[in-house]
Amino acid sequence: MGAGRMAKVHAASIVNAGARVATIFDPVSAAAEALAEDTGAKVCATAAEAIADVDAVLIATTSDTHVELLYEAVKAGKPAMCEKPLAPSYKQSLEFVATVGEAAARKVFLAFNRRFDRGHASVREAVQSGKIGRLEQVTITSRDPFPPPLDYIPRSGGLFRDMMIHDFDMARSIVGKDISSVTAHGSSVVDPELGKLGDIDTASVTMLAADGTIITILNSRRCAYGFDQQIEAFGATGMVMSDNPRQSGFRSFTKEAPGTDAPILEFYMERYGPSYTAEIRAFIR
Amino acid sequence: MGAGRMAKVHAASIVNAGARVATIFDPVSAAAEALAEDTGAKVCATAAEAIADVDAVLIATTSDTHVELLYEAVKAGKPAMCEKPLAPSYKQSLEFVATVGEAAARKVFLAFNRRFDRGHASVREAVQSGKIGRLEQVTITSRDPFPPPLDYIPRSGGLFRDMMIHDFDMARSIVGKDISSVTAHGSSVVDPELGKLGDIDTASVTMLAADGTIITILNSRRCAYGFDQQIEAFGATGMVMSDNPRQSGFRSFTKEAPGTDAPILEFYMERYGPSYTAEIRAFIR
Amino acid sequence: MGAGRMAKVHAASIVNAGARVATIFDPVSAAAEALAEDTGAKVCATAAEAIADVDAVLIATTSDTHVELLYEAVKAGKPAMCEKPLAPSYKQSLEFVATVGEAAARKVFLAFNRRFDRGHASVREAVQSGKIGRLEQVTITSRDPFPPPLDYIPRSGGLFRDMMIHDFDMARSIVGKDISSVTAHGSSVVDPELGKLGDIDTASVTMLAADGTIITILNSRRCAYGFDQQIEAFGATGMVMSDNPRQSGFRSFTKEAPGTDAPILEFYMERYGPSYTAEIRAFIR
Amino acid sequence: MGAGRMAKVHAASIVNAGARVATIFDPVSAAAEALAEDTGAKVCATAAEAIADVDAVLIATTSDTHVELLYEAVKAGKPAMCEKPLAPSYKQSLEFVATVGEAAARKVFLAFNRRFDRGHASVREAVQSGKIGRLEQVTITSRDPFPPPLDYIPRSGGLFRDMMIHDFDMARSIVGKDISSVTAHGSSVVDPELGKLGDIDTASVTMLAADGTIITILNSRRCAYGFDQQIEAFGATGMVMSDNPRQSGFRSFTKEAPGTDAPILEFYMERYGPSYTAEIRAFIR
C-alpha cells in the first residue's frame, strides 16, 4: 500500500529479503505505475483488491490512512506490517485493538525500524540475556542532522510525537517494564522560528520504571556532526552501548587533528537503511 | 592544616608543584610528626602558630573544621586553599563571606579538584572559546566503582551533597550561567541496605539554565568497570567530550573479545591524582 | 561470462549499480539457466553470441579463461571488465596488450576490487591530494580469517600470487611510483600441512620505491579475530590509515572486558561486498 | 653517577620509588652541587668515594663512561643500574662480562626503559602467558617527533644504534627467541642534510626468529603527530597491541573533524616518564 518515498525503500527491502512485490495500490496511480514498473508488480485500482491479491500487506502510506488500511487487511485475514503510528491518536489505537480483537491485532506488525538496528538490537539482547545484571540506567541520545522544514512543524505532532517516539519505543523495548513516571523538559534554542510555531527543538525526558530503573532521553533537532544515535544501558555488572557507526575505517593523524575518524553516518537512510531489510525479514518470518 | 590521607596527597602535590611544605598542624600530633618526617616540615602546636609561619595555608582537615581555619587564615592575612566544602551549610558559607568581606573571601581558593582534570578542563575551554557555538546540552556521568562503607552513609550528607556536588560544580563551571530549574530523581537499586539508611544510590538530575541550556547529571554509587567520569557538551556547531582515560594503550583482539581496550582508571586517585598537582600550581600562581 | 559464485555477486552488483544483466554465458548450462532465472537475463550458447548481444562484458569465469574471453570482447569492440588476473602469466599479459594494441587494451578494466573499498580509497585520495606531504612509509596488513582448503593450495599459485597480489596492487595504487627493490620473507607457522605442499602461510615483503619510500606488506593465512585488512600511509606531515570497520557500533564494558567493540568484519564478502558495486559503477561510468 | 638531564630524571624517580638519593658524583662539580641541593644528597669528589657510600649505584653519565663506572661498582660489590649501552662496542661488552664473571655481571641491571612501559609490558605478558597462542608476527613502530640536531648525528652511532636499539631490545624481550636473520632497508627522505652526514632517517628491518616468527621494525626520525610508539604481536589465537596513549580523554566532534581525539604524547619524557620510576622500582626490588 503506497508508492511514495518510504514505499520505494520498502520495495527494495522486500527484494533484498528474498520476497516479491506482487501488487501495488496508491491513490496517485502514476506513482503506483512507476513503482510497479521498477518492481515487476501489478497495479490494483483499490486497496481491497490489492489486499485480496497478496500473501501479506505492507502499509507505507501517509500516517492518517494507516488505521483504515489495517481494518481492511484484518478483515481480509491478511497479516499486515505497518510503519508507526498505528492510528492518529492513542484512543483510536485502543479502539482498533478492541474492534478487531487481540488475536487479529497480533497479526499486525507495527514497525519501529530502529529495533532492527544491529547495534541497538545488541544492546537489547545484552540486557535481556543478563550480561549487565540488573538494569539500573538507560540513556538514549537522538539528534537529527538538521531540523525539518518549518512548514512541516505544525503537522508533525511536535518533537515528542514526531521524533522522540522512536526513543520511547527503544526505551520500552530495552527496559521491558512499565513506566511509572515521566518528566519532560524542552527548550527552543536551535531555531527561534521553530519556537514561534509552538514547538521545541531540544528536549530531555526522564522516566522511572516501576522497579526504579532510570531512563534518560536527550533529543536535538540539529547536530553539526551527523545523525547522532546512541543508546547506553548500565547495570549491576557492566554497561553496553550502541555507538555511532562510521562511514568507513578511515582515520587521519596530522599535527592539527592528531586522530580523526571518518564521519558518522549522515541521516536515517545511511544509518537505518539495513534495518528496513531486517525488519521485513522479521515480518516474513 | 591536617596530616590525614588527603593531607598526604596534598603534601606530595606541593612538592611536585615546586613548593615546600613548611609547617604542619594536626590535633593528632603523631600524625603531624609522621608527615613532618616525610616532608622535612616542622610541626606547630596550634593552627594559629602554623598559619603565622607560612606564606600560604592549605586546609586538608575534616570538613567540619574548614570554616574555622579559614577565619584564622583570613585574620592572619594569608591566602588559603581549602577543599570543598567551605562550611557545613549554605547559610554558614554566606555568613563567612559576609563576615570577612568579599575582598578577603577572594583570597580563599575553594578547591573543586575535578576542574583541573585535563580532559574536563579541555571541555570547559572548548565551550568558552566558542568551538561548539551556542551551548545547548551538557551531560555529566559520574559513577563510583563501589559504594562507600555503610557506616559512612549517615554522615555523608546523602548522594547529592556527597557525590553529585562535584558534578554540580562542573556543570556551573562549564555552563557559566545561572540555573533556573532543578529536577531530581533517585532510586535505591544498587544496595537495599543503603536505601534503608534513607539514601539513594542511583540518581538523575535535570537542570535548566536561564537561557534554555539543558543539563543532565547521572550518578551511580557502583560501576563494574571502574570509575566512570564523563562529560559531554553539545552545541550549535559541534560536541566535545571528556572520555574516560585508560590505564594504558594496551588492546587485545581474540575470537571471544575482538577488540578490548585496557581498563579505565580505577578510582579518584588514579583519575584525579594529577589534578591535585595542577590545582596547587593554580593556587601558587 | 560465468554463472558461478562470483558471477552471482557481480549480477547483484550490476542491479544495485542501476544496470541490467542482459545475457549469460557459462559452459555449465544449468548454472547459466539458474542465474538467468534470478536476473531475468537470457542465456547464450556461446561466449561470442553473448558478447555480441550486450553493451559491455563482465568476465567472472575461472582465472584460466580470462584472457581468451578478453580477446573475444576486444575483437567485438566491447568494453570489458575482468577480475584479476588478466592472464595466467606475466608473459601472456604482455602478449595480450601487444596483440590488441594499447588503445584496445585501455577498454579492458582489470578489476582489483579492494581499490574500491571506501577506507582504502580514502587513504589513496589523502596521499594523492598531498594531505600527508611527501609519502615516506606504507604498511599493508592482510590476514585471512582461515587458510583455504589444502587441496586449493597446489593450484593457488602460492601466497604471493594468490593473496598478496591484492596488496601489491594497493601498494602500487597508493604509492604511484615504480618499485626498485623487493625483499620477501616467508614462514610456514600456521599449518605444517600447508608447508609440506611447498607454500608459506605467513609472509613479509619490503619494497623500496625509486624515491626511497619504504613499503611493508604483512600477510597471514589465519587470523583469529576476523578478516584483518589495514593500510597505513605515513608522510612528512601526517599519517592516514584504513582501519578495520566493525560489525556494528556495539560496545560493552564489564569488569572482565572493560571496553570491547563489536567484531571486525568476517571475510571478504562482508568487508568488500560494497566495493563490488562501487567497482561496477566505475566500469559503467 | 652523573648530574645531567637524565640524572635529574632518575633522581626524581628514585624519590617516587620510595628510595633516597644519598650521594652524587659528577666531574662537573657545579652540576653535582645543584642536584645535591635539590635532593638533599651529599657530593663526593670521586666516583669510587661515591660508590663506597651507597647501597646501590645508578649510572646516568655519558655513554662512553658507563663501562668504566660499572667496573668500579662491581669491584666495590655494589649492585648497579646503568642506562644502555653497557659499553661503546659489542666487543667491550663481551669483555666486561668475561672480566667480571657472570655472577657479578648479573648484579648489573642494564636498563632499557621501554620494557617498563605499561602498554608494552602488557604485550610481553600477554605473549608469554600464551594469550595469543604461538607467536607468528611482531611489528614495532617507533617514530620520533623530530630529528635530533644535525651536529648530534655524527656521534649518534647512526639510526640503528641510536634509535632502533630500543626496538631491537623490545623485539628480543617479546619474542624471547634467538634471531636467525636480519634484513635492513633505509632511506634518507626526511632531511637531505642528514643523508649528507651518512645517516638514514627512515628505516625498515625484518628479522626472522629461529622458529619462523617474523619481526618487522619501522622507524622514522620525524612524525608530525607526536611520538608514535606502537607494538603489535600477532599469534595463532589473537593479537595484542600497545597503542599510543593520548594526552587526555578529550574528544571533539564538529562538521569539519567529526571525531578527533586528544593528541598522542609528545616525546619520551611524556610517554616513558612513568617507566623510569617503574624501572627503578624493579632495580630496588
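Per-chain residue numbering starts at 1, and chain names A, B, C and D are given in the order in which the chains are listed.
We adopt the following convention: a contact is a pair of C-beta atoms (placed from the backbone, for glycine too) under 8 Å apart; a residue touches a chain by one contact, two chains touch by 3 or more.
Keep in mind it's a predicted model, so treat the numbers as computed, not measured.
> Among all chains, whose Cα centre is located farthest from the one for chain B?
C
> If you average the CA atoms of chain C and of chain D, how many Å lie between those two points?
About 42 Å, centre to centre.
> For chain B and chain C, let me know how many angstrom lie between their CA-based centres, rounded off.
56
> Round to the nearest whole Å and give the separation of the Cα centres of chain A and chain C.
Computed value for the inter-centroid distance: 37 Å.
> Which chain A residues sit where two or more other chains touch them?
Residue numbers touching two or more other chains: 132, 224-225, 237-239, 246, 253-255, 262.
> Taking touching chains as linked, do they make an open path (line), a single closed cycle (ring), a hub with spokes (star), an all-linked set (complete), or other?
Shape = complete; every chain linked to every other.
> Inside the complex, what are the residues of chain D that reach chain A?
224-226, 246, 253-255, 257-264
> Can you tell me which positions in chain C touch chain A when the two form their complex?
117-119, 122-123, 126, 131-132, 230, 237-255, 262
> Considering only the defined contacts, which chain A positions touch chain B in the complex?
132-134, 136-137, 139, 143, 181, 183, 185, 187-190, 202-204, 206, 208, 211-214, 216, 218, 220, 222-225, 228, 234-239
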